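Both of the next two complexes hold subunit A, though its partner changes from subunit B to subunit C.
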Partner chain A sequence: MVDNMQSQSKQLGKMYFTVAAILFGAQILFGLIAGTQFVFSGFLFEILDFNVARMVHINALVVWLLYAMIGSVYYLLPDETKVETVGIGLGKLGFYVLTLAVTIVVLVYILVQVGPANEMSIWLIHEGREYIEAPRWADIGIVVVVLIFLANVYLTAMKGERTGIITVLMADLLALAGLYLAGMFYTNNISIDQYWWWWVIHLWVEATWEVFVAAVIGWALIKVIGANRQIVEMWLWIEVAMLFGSGILGIGHHYFWIGTPEYWWEIGALFSALEPVPLVAMFVHVMYDWGKEQGLQKGAGGKAQMNNTPAFLWFVASAFGNFIGAGIWGFFHTLPQMNIYTHGTQFTSAHGHLAFFGAFAMAMIAMFYMGVQGNKKELKMTKLTKYGFTFITVGVVGMTVALTIAGYGQVMIERAQFGATWEAYFIGQSSIWFKQAMGWRLAMGLVTFVGFLCLVIDLLTIKNAKINQES
Partner chain B sequence: MSKKVSVWADGRFWQRSAAWVTGVAAMLLIWLTFDTMGQIQMGTKAELDQGITKRVPSPTVINHKITYEMNDKRGHETPVIGEKEKFFGRDDYSEEEAMALLNLGKLASQTKNCMNCHTLLGNGAYYAPDLTKAWLDPNWESYMLRMGKETKEEAIAEFLQHPSDNPSNERMMPNLGVTAEEAKGLVAFLKHMSSIDTNGFPRNFGKIEGGIHGR
Partner chain C sequence: MLGEVIRNRPEIALDDFLPIFLSSSLILVFGALFVGIYTLVKMGYLKKIYMPLAYLFWGFQAYCMYFMATRLHVGDFVGKILFITMIAYLTLPHLYYYLNNKAEEEYEN
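The block that comes next holds the complex of A and B.
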């Protein structure tokens, strides 16, 4: 039995969480810059243009979630396998290499920005491909670090106990790492470029990341409310079947308009329409377990187990947010009949904000609280926990609603009425629907940032908060 | 004595189901990928000259006039590749020359980070207009007049090199240090992209007077 207090793996997990939280802050800050540029177009013009702000905004998002995911695995590994993680020294080296690389990449993005049109720019500056802009040298570095991480996980699972949760994570992480390779080459055919690009973006986000989150929430239910492992793991397998069953071919909804054959319309429409189903299952699972465990423990005359209310708050909210953001907001515009008008408008942006937040960010924030709890028997919500949760959630939901309204205006004016030309685009952008909505989006972005500050202060102080010293 | 459990509450049943469903979905995706890859490979000059339509035609499409028209059989708009048309004064680019230009343009589109303001084939950021059919955009005609250029390609190239001197809106494109050669490549890239069969996206492009068939 590994001593949790001394566990190097948990320490490493917390190091990953720390960097993740910093990058989360960077994501919001650069999002604010980009959001401001929509309202005041001269803001930082030709100093830090929208393309740079937006690149840092979305890359910080992807990288902070990856950091939080890797951290979560290092954090839960000793609990699940009952042994200390194998090769932890190498794992720590990987952490420092990755963090150094991320720092250099971000500095190059901000300071160099663009290069001449040759392969050297793609190797050294960025690849200019949304979400996976990291220059090629960093791509290779990421692959090496991920291989170290995989080795840690596999060797540990082989040495210790292998639970259902660990089995799912092992398969999932292998797929997650392997898919990254599909985005690491150059082609002069934009259709082929985008085809493989979606293998990274879609198959990560809508398949492997979703399965990852399902596994982490399963682990947390056992930890926090004492849910029955057998039931949790059975649900987990059901969710894996449904998530991969819909998510893998759901990639078709990105293949409607990039030059690919028309049969993707039917495949994309059918499977992406099924994608919300497992998200409902995940939600039912969380609520079912909570109710059942409470009932069982109360029936036995005891008190229901609940040893980390802040984490549980974020986990339950994530089950909600995943369904609403990924499920409902995704379903809004997933059918090709609809998508031909909404594709590439602020509708997509609205869906993206709520889906990433609800499905992944909320679950990973919950993991931050698990990390903060450490060996403490119980962690209760403080005022700041509630403020942080409220401001961040209201902020992101507010941004989503604003962007949905902007998207609505854009679809009606630019696409339906004026036919999607350059001029049509700017008529749509200058409509009152769009302009006011973008103002609200910026305001809601500021609310989110205030929430982020509350969250960070809470994470730093919650262990010493009065409320957590009483029990 | 073993406890009797319903198959629906049996973890192993669901584990096997998960493995099978994932495997079948992955195999289907791989099979469809082979089919799609065949269909979206770039065509050749010979095919183009014989009038064989490809979803992604040969880069020598820059030697031709491209329009985007309603296809009654398919029920949506498709690119139509027409007679010869001069591109920077020539209409006899060889396969290699056209490919080199297209490649330079694609590289420039990445290294200049176009996708983090514009959308290409509808993917990217939403801060600037979609570039999918930008080559066919009627606005270039006013730019030809404004910048005193004889042809559309020269007007686009000029704009790409000095975007902030030629704004169309208060939201301007920044100067990205595009050289004359890179601009030429980018225009070839845009012209080629407008010839890709995108299943009718963007719908109703340029039909400002309204009506699906209207102009």
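The block that comes next holds the complex of A and C.
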């Protein structure tokens, strides 16, 4: 059995968490720059234009979540398999290669920004595919690093125990890695290009990432509150079935406007409508397990088990955030009858902010706290934990509400009243609803940043906080 | 120019946009209240007397879905799909609780 104190896999997991936290900060910082440019359009003009700030903002989001996910797997692997991760040296090499590649890519985005519309630009600067804009050389590097990661997970699982959680993760990570290839080849037809691009973006986010988060939350529930493994794993498999069903065919709701056959309207509408169902199941899952385990412990005369309150706070909030951000904010503009008005407006942005935050960011922040806890018996919330949670959550929800109001203004003025013309776009952009909402979005972005600072300080100091020494 | 444009956008009445957004949000809010109360009653945190309240929220949810579907003019096919979705929302917590109990029984035995 692996000694957790000496586990190199856990150390590697923490290294991934550290870079993930730094990239999370970069995401917020560049989001603030882009948000400022909405309000003060001349801000950093021709130094760091809006398209570059936005590109770094959304790519940093994807990359920090991937870092945190890889880190989470390396962190939980020794616990689940009961052996040290195989090929830890290669894993570390992969980490350094990936980090170097990400650093170079970000520096190129900021310093070079654009190039001629030819092969050179695609290979060396960026591919122009929203969310996954890494240039071709970095694409290939990412594939190599992910293959190392996959090999490590598979070889370790084959050597040690294969729990239900590990088995689900093995299947899920294979799909996650394989789907990236769909966004790598180039076509001259933008509709075909978008078609395959959605295979990465939607199927990552609404199928593989959702399953991944369910597996990680399942593992954490066992660790933090001592949830029954059999029950957690049973629901994990049901969630896998439901998420893959609704997630895979629900991709049709992205096909409405890219020239795919019209049957996708019906398929997309059906499975998009069903997409919130597994999210509701997850929400009930967390609530039920928490209540049940607490009740059992108290009933037996003991104290309810809860050895990491900061992580549990973020995990429970994630279950709610998943439902509200991906469920409510997704559902109310996904049917094609409505989406024709909302597509590409700030509505999409509002949904994106709350869904990514609720479904994934919160769960990964919880994993940061699991990493900080290490082998410490108990980790309790400090004031900074509460400030970090409150500021970040209020900030993101505030941004979402502001963006929703801006989106509603766009839908009514730009699309419904003025018919989505070029002129209508400018009328919509200059409406009081839009301008004021953008101001509020910026203010809420600043609140989020303050929360991020509290979070980072807390992560660095919580292990030695007085409250934990006493416990 | 403006008049022509408005005549060319007949699918959804301008006055219906806000009710559509509100009703579609309420569909999931009522859905959450339904499963939330259902779960709390089953867990014993709420008395059984509150169970009809859960079903009442499902009723509100179903009405909001119907309201939204009619305002969106979704057509027969999607209308039937949304109806099936509502049945799924109604039955899912029951199935969930039943399976959870069965799994626990198996574990304890």
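The criterion applied here is as follows: the second predicted complex is superposed on the first by the 471 of 471 C-alpha atoms of A that agree within 3 Å, B and C clash if a C-alpha of one lies under 4 Å from a C-alpha of the other, contacts with A are read in each partner's own complex, and residues count from 1 in each chain.
Note that in this section contacts are C-beta pairs under 8 Å (C-beta built on N, C-alpha and C of every residue); 3 or more make two chains touch, one makes a residue touch a chain.
This structure is a prediction, so every number in the text was calculated from the model and none was measured.
By the touch criterion defined above, A:G245 lies against subunit B but remains apart from subunit C after alignment on the C-alpha atoms of chain A. Legend: residue contacts after superposition of the two complexes on their common chain; A:W257 is shown touching subunit B, with no touch to subunit C.
Of the two partner chains placed around the shared chain by superposition, neither subunit B nor subunit C is touched by A:V456. Taking subunit B and subunit C in turn and counting the residues of subunit A each one touches, the greater count comes from B.
Contacts of A:G419 after superposition: both subunit B and subunit C are touched. In the superposition on chain A, A:T348 contacts subunit B only, with no contact to subunit C.
When the two structures are aligned on the shared chain, A:G295 is found in touch with subunit C, with no touch to subunit B. By the touch criterion stated above, A:M306 is placed in contact with neither subunit B nor subunit C. In the superposed model, A:L124 lies in contact with neither subunit B nor subunit C. Of the two partner chains placed by the overlay, neither subunit B nor subunit C lies in contact with A:A26.
Shared contact residues of subunit A with subunit B and subunit C: 230, 234, 238, 340-341, 415-419, 421, 424. Per the touch definition, subunit A reaches subunit B in the complex via residues 34, 37-38, 41-42, 45-46, 49-52, 54-55, 113-119, 121-122, 125-130, 133, 164, 186, 188-195, 197, 230, 233-234, 237-238, 240-242, 244-245, 248-249, 251, 254-265, 267, 340-341, 343-346, 348-349, 415-426, 429-430. Listing the residues of subunit B that touch subunit A in their complex gives 9-11, 14-15, 17-18, 21-22, 25-26, 28-29, 32-33, 35-37, 39-42, 55-56, 99, 102-117, 119-130, 132-134, 137-139, 164, 168-172, 174-177, 179, 182, 185, 189, 193, 196-208, 210. Residues 2, 5-6, 8-9, 11-12, 14, 17-18, 20-21, 24-25, 27-29, 31-32, 35-36, 39-40, 43-45, 72-74, 77-78, 81-82, 85, 88-89, 92-93, 96, 99-100, 103-104, 106-107 of subunit C are the ones touching subunit A in the complex. Taken in their complex, subunit A has these residues touching subunit C: 228, 230-231, 234-235, 238, 266, 269-270, 273-274, 276-277, 280-281, 283-284, 287-288, 291-292, 295, 323, 327-328, 331-333, 335, 337-338, 340-341, 408, 411-412, 415-419, 421, 424.
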